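Letters are used for the chains, namely A, B, C and D, taken in the order the chains are written, and counting of residues starts over at 1 for each.
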Amino acid sequence: MIKASVIGATGYAGAEVVRLLALHPEVELVYLTSQSYIGQQIDDVYPHLKGFVNNVLVEQETEKIAESSDVVFVALPHGHAVSTGEAVVKAGKKVIDLGADFRFRNALVYEQWYKVKHGAPALSETAVYGLPEINRERIRDAVVVGNPGCYPTSALLALYPLVKEKLIDPQSIIIDSKSGVSGAGRTPAIGSLYTEAAEGIKAYNVGRHRHTPEIEQELSIFAGESVYVSFTPHLTPMIRGILTTAYATLSDKAKSLNLNQYYREIYAREAFIRVHPEGVWPQTKWVLGTNLCDIGVAADPRTNRVVVTTVIDNLVKGAAGQAVQNMNIIFGLPEKTGLEVPPLYP
Amino acid sequence: MIKASVIGATGYAGAEVVRLLALHPEVELVYLTSQSYIGQQIDDVYPHLKGFVNNVLVEQETEKIAESSDVVFVALPHGHAVSTGEAVVKAGKKVIDLGADFRFRNALVYEQWYKVKHGAPALSETAVYGLPEINRERIRDAVVVGNPGCYPTSALLALYPLVKEKLIDPQSIIIDSKSGVSGAGRTPAIGSLYTEAAEGIKAYNVGRHRHTPEIEQELSIFAGESVYVSFTPHLTPMIRGILTTAYATLSDKAKSLNLNQYYREIYAREAFIRVHPEGVWPQTKWVLGTNLCDIGVAADPRTNRVVVTTVIDNLVKGAAGQAVQNMNIIFGLPEKTGLEVPPLYP
Amino acid sequence: MIKASVIGATGYAGAEVVRLLALHPEVELVYLTSQSYIGQQIDDVYPHLKGFVNNVLVEQETEKIAESSDVVFVALPHGHAVSTGEAVVKAGKKVIDLGADFRFRNALVYEQWYKVKHGAPALSETAVYGLPEINRERIRDAVVVGNPGCYPTSALLALYPLVKEKLIDPQSIIIDSKSGVSGAGRTPAIGSLYTEAAEGIKAYNVGRHRHTPEIEQELSIFAGESVYVSFTPHLTPMIRGILTTAYATLSDKAKSLNLNQYYREIYAREAFIRVHPEGVWPQTKWVLGTNLCDIGVAADPRTNRVVVTTVIDNLVKGAAGQAVQNMNIIFGLPEKTGLEVPPLYP
Amino acid sequence: MIKASVIGATGYAGAEVVRLLALHPEVELVYLTSQSYIGQQIDDVYPHLKGFVNNVLVEQETEKIAESSDVVFVALPHGHAVSTGEAVVKAGKKVIDLGADFRFRNALVYEQWYKVKHGAPALSETAVYGLPEINRERIRDAVVVGNPGCYPTSALLALYPLVKEKLIDPQSIIIDSKSGVSGAGRTPAIGSLYTEAAEGIKAYNVGRHRHTPEIEQELSIFAGESVYVSFTPHLTPMIRGILTTAYATLSDKAKSLNLNQYYREIYAREAFIRVHPEGVWPQTKWVLGTNLCDIGVAADPRTNRVVVTTVIDNLVKGAAGQAVQNMNIIFGLPEKTGLEVPPLYP
């Protein structure tokens, strides 16, 4: 049994790690930490877990936790995972950070967009960007995994096949994403109230969302050149789910290709990616509660552009599920272990 | 492996049986029938199932299906299960009917409320009302199970402990239920449109909903007298879920009892019932996607009444999940088999 | 032109008073106060008002405000309206309080349920309970109006015709209410988040909601005896709206009556009440954005009970609209002035 | 008083025309037609209108209707307005068609995208495209107005200022739109059910939605060259509202401009357009129930693109409200007449 602990278990991402690990046949939950609910059982804070997990929430004593765990999931606001990560690594254990602290190869980019000093740039450089469909081999040997952001997961899985084969002009990319409200977390804020978020949609942080440099970092690696994208996130009235609609101008190389078939081939062995037939455009609900990423793709000859849509559950493939997938890879388990439930529909 | 077929696999209840059996370690899906989608794969009709089930939907040839199956789930509109049930029984197999055709001991009551002739009153008399928490022993040996309606499941689990121990005046019962829209099925109707059902709530079929006599039949058995209830269903803007709020006047016998503790004791061994502490009132989302029934209960000394609230997922404990639970009982499996996933929250 | 000010203009109820007065042909808005947004324009806080109202939000300097106003609307948390009310009365102006501070004839009842000392019990005794359909004559001459709570408005309009004519046993009343999330106000709280409130329903404060004594106070006046009710509020996934389902046992006197027709007659001259034909049960959306109260009513001979459902927009007839209606009465205007917009549907 | 009739009064767009004209001080409703509800009162079909409009729905006898009316609003499925339009014109009256039949200058384009023969290409050529902010002068004298589609309204108001001043490369335009479900009308369809549309988002008709050529026709006029766009509509879980996010590459000419200020100037005299300050991105709810179009705009120097978002209520500015605005222009009334209600928020 893998001994796993979760730092920050009462935010939505952390609680979702707990929910998934509760099902996982090879995992034993050791410590769950919280700031607001120390001393309470997690199933009092989250009654849906009653009968499944009843750990008492504890303070974050990192060394003690690292010692008793094989892997530590960190689900803290950015800036708070660095020292935790260092301590766990020092204890010789694995870290999977669901925040932004270990996603950037270049700490300066992180510092510029997140407006905080990075406490351990060297450790960050050695961390692996945990998108298994692309970095699987490197994740296997990772000590620290920077688990991708929700938007970047949906955007990169949409664009990877196009960029890596130079089927598009990488400077023409436009990424229009629509996220459910759980992406904003459980901290009360006016904009996340039912009254404010239901029955309406809005763009936010246009041109300056912090997931932009993360997307650009990875696309630049695929492209072998510096890529800049237009990225617009939208707050959408649904609890879970991200739909990303990506646009780009096709290169000459793409012209002879059936893009839909190409996507099906490139992702054929992926357990969590489902490419739909041409003309079928997935809906976020088709993946609800699962680690799946569904893809629709078609060329538009009228404009010489390609349109790709991807849908994920932002709390699963966009956070906790992908973290568990990464854990499975690190510990040599089949990637689907503990992640086999079909989507909940309708 | 239990060989199971589903008649009417493309309605919401039928598709949910399929989704649950896809996970079930002891079941093999044999035939899935449909009227509207014959010849298509079920995962083309319901793309969320892609990668999980890909049976081709077939016409309903009952004899052939019965022959190849150990158990047949029937998810048809009322009136259509009778002849199917007869054929399956004739073939020596088990029937679990998710509709109303086998729920009534007295076919006349059925005929009066459903306005159709019952084709096999004798078979109906031998069917077992499939509420495992109450009829578990009889279900074990059942050939035909009349799987309870969604509202009756929530109402009966709320009231059973009170009525059977005469803790309330059985003629004082008021049942105010709130259901999600999936209860209305997948057949397009104006009242079920997003535009009409979102952001509003309404009562419907006040005093004349067809689940009323079903509730009364079972309560009368518990009480040992004819019980009549006020039952008001409400259409609530949510996809899944039923919340039932039940009210009744306490008898003298109840006065010395701690009702909350009594409920905890009476349901202590039930795998799918969670009684919450006094003052905690469950929310439908705490059971989303699962076969659980959560209960809140408290006496109100100001009015000498008791208030009980129960929440279920109408498509799971209120339909498909309970059907699978009944199958597990019939085939001697642990009741939780295939039904162990924690609720999806938020 | 009536000079009107709003104390607490940036909560939902206060902002709704502003939205309605912006349309009102006989009103000039003088001061709008806020605690959190002093110095900002109200249309920066609420951009939907851009082009309609652009007052700068000011601190609450009550005397100055009272001096410049004919009427002061108070939309503060309970406990905070008392001193404001006193100051406005002293200045010889009218007060319409949307909170609970002036709703109770007996300050002790208020203190017991609201757990705060009432600062001006004598003033409270002279205040008029602002339900125009019942207290119209007394409102005309009121100096202080205690504007009814949202739940009580829906419950009292449902039950008034029954109780005052002794058509029911007043001790048999059960009130099951379903409210939209705006009833919880704009202050961020976990339970009001989209993620927590969408797609689920729950009962809360069962048997101890603060609107209970308010309902009982008025019903007791109608009945001429002390009435106690079971009242259960439910948080429902919609922004606006309250549906109240009320149940009671019919008296002999009711037996010869056509209740539906009786309701139509008793409310025939009311501008804001629409009684629907027997068998039509209103939906909250039928009154969205308006001061209307729609009613459905029918006797149930099987149980000898009556079921009444009422729907209102909790922020309009349940708060700001009723306050404006009260203002119209006090200032001798037709009650519909400024309240004539049809509901928004779908 | 203007005598107005509505052909197709029981679809959402038609019923919204009725709701708005019920408020309109200069209009008398003459005939309301329906196919499904002939002989019923409109307030029985739409109870929210009870007390506001009670016309009996009649069959469409066009000549009789035209004779008794000054203006006829047509809210029929495409293909059905042509002969109606011809008859009304023959009677010397005005036609405002909310469908697609009179939107295209070139009937061949219509026929290619809508797959039906156009019955009166010559009449279509003389019709005026009813976007008042751009075609106000020509609308004044129009006999037939082709009222714009909902998506085109939001897209054209977003892009008009950029295209007409050549501030962008017109061939670089990408339009990503998110619409509420009422855009799909009131005809029951699986995809419009609450269960299917709530809590999820999807793209549809990617690259082949029928509003594409309408957008391109108008943009080509602004640009003075043939413009082709990528247009992707998305079905969003809200009843009303469209948010359009438009992207384009800036031309050199744009570089010295403050785009936000430019938008404020160009739309300064428009009664229904509100340009928000830089960094404020409007939400569909800010315009709910009104004829407003709110705009957010900013240049992104990182990518040399501009992002514009517009929000409208698809049933008002995207259909019925714009139709009333056009009527006001034709009959010489102030454009805001009957359209002055502030948005409903929250």
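Assume a residue touches a chain if its C-beta (ideal position, glycine included) is under 8 Å from a C-beta of that chain, and two chains touch if they have at least 3 such contacts.
These figures come from a predicted structure and were not determined experimentally.
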{"item": "Of B-C and A-B, pair with higher C-beta contact tally", "value": "B-C"}
{"item": "Listed chain pair A-C, A-D or C-D that repeats interface B-D [over half of contact pairs the same by residue number]", "value": "A-C"}
{"item": "Mean-CA-position distance for subunit B and subunit A (Å)", "value": "37"}
{"item": "Chain centre separation in whole Å, for subunit C relative to subunit A (CA means)", "value": "45"}
{"item": "Centre-to-centre distance between subunit C and subunit B (centres being mean Cα positions), rounded to whole Å", "value": "38"}
{"item": "Per-residue overlap in subunit D, given as positions that touch at least 2 other chains", "value": "12, 182, 186, 195-196, 198-199, 237-240, 282, 285, 288, 346"}
{"item": "Residue numbers on subunit C that touch subunit D, as the complex places them", "value": "12, 15, 19, 22-23, 46-52, 182, 186, 198-199, 239-240, 274, 276, 280, 282, 285-289, 292, 294, 340-346"}
{"item": "Subunit B partner contacts - residues on subunit C that touch it in the complex", "value": "174, 176, 178, 180, 195-196, 198-204, 206-207, 228-230, 232, 234, 236-241, 243, 245, 247, 281-286, 288, 296, 298, 300, 302-303, 305, 307, 309, 311, 346"}
{"item": "In the complex, subunit B residues that touch subunit D", "value": "12, 181-182, 186, 188-190, 192-199, 237-239"}
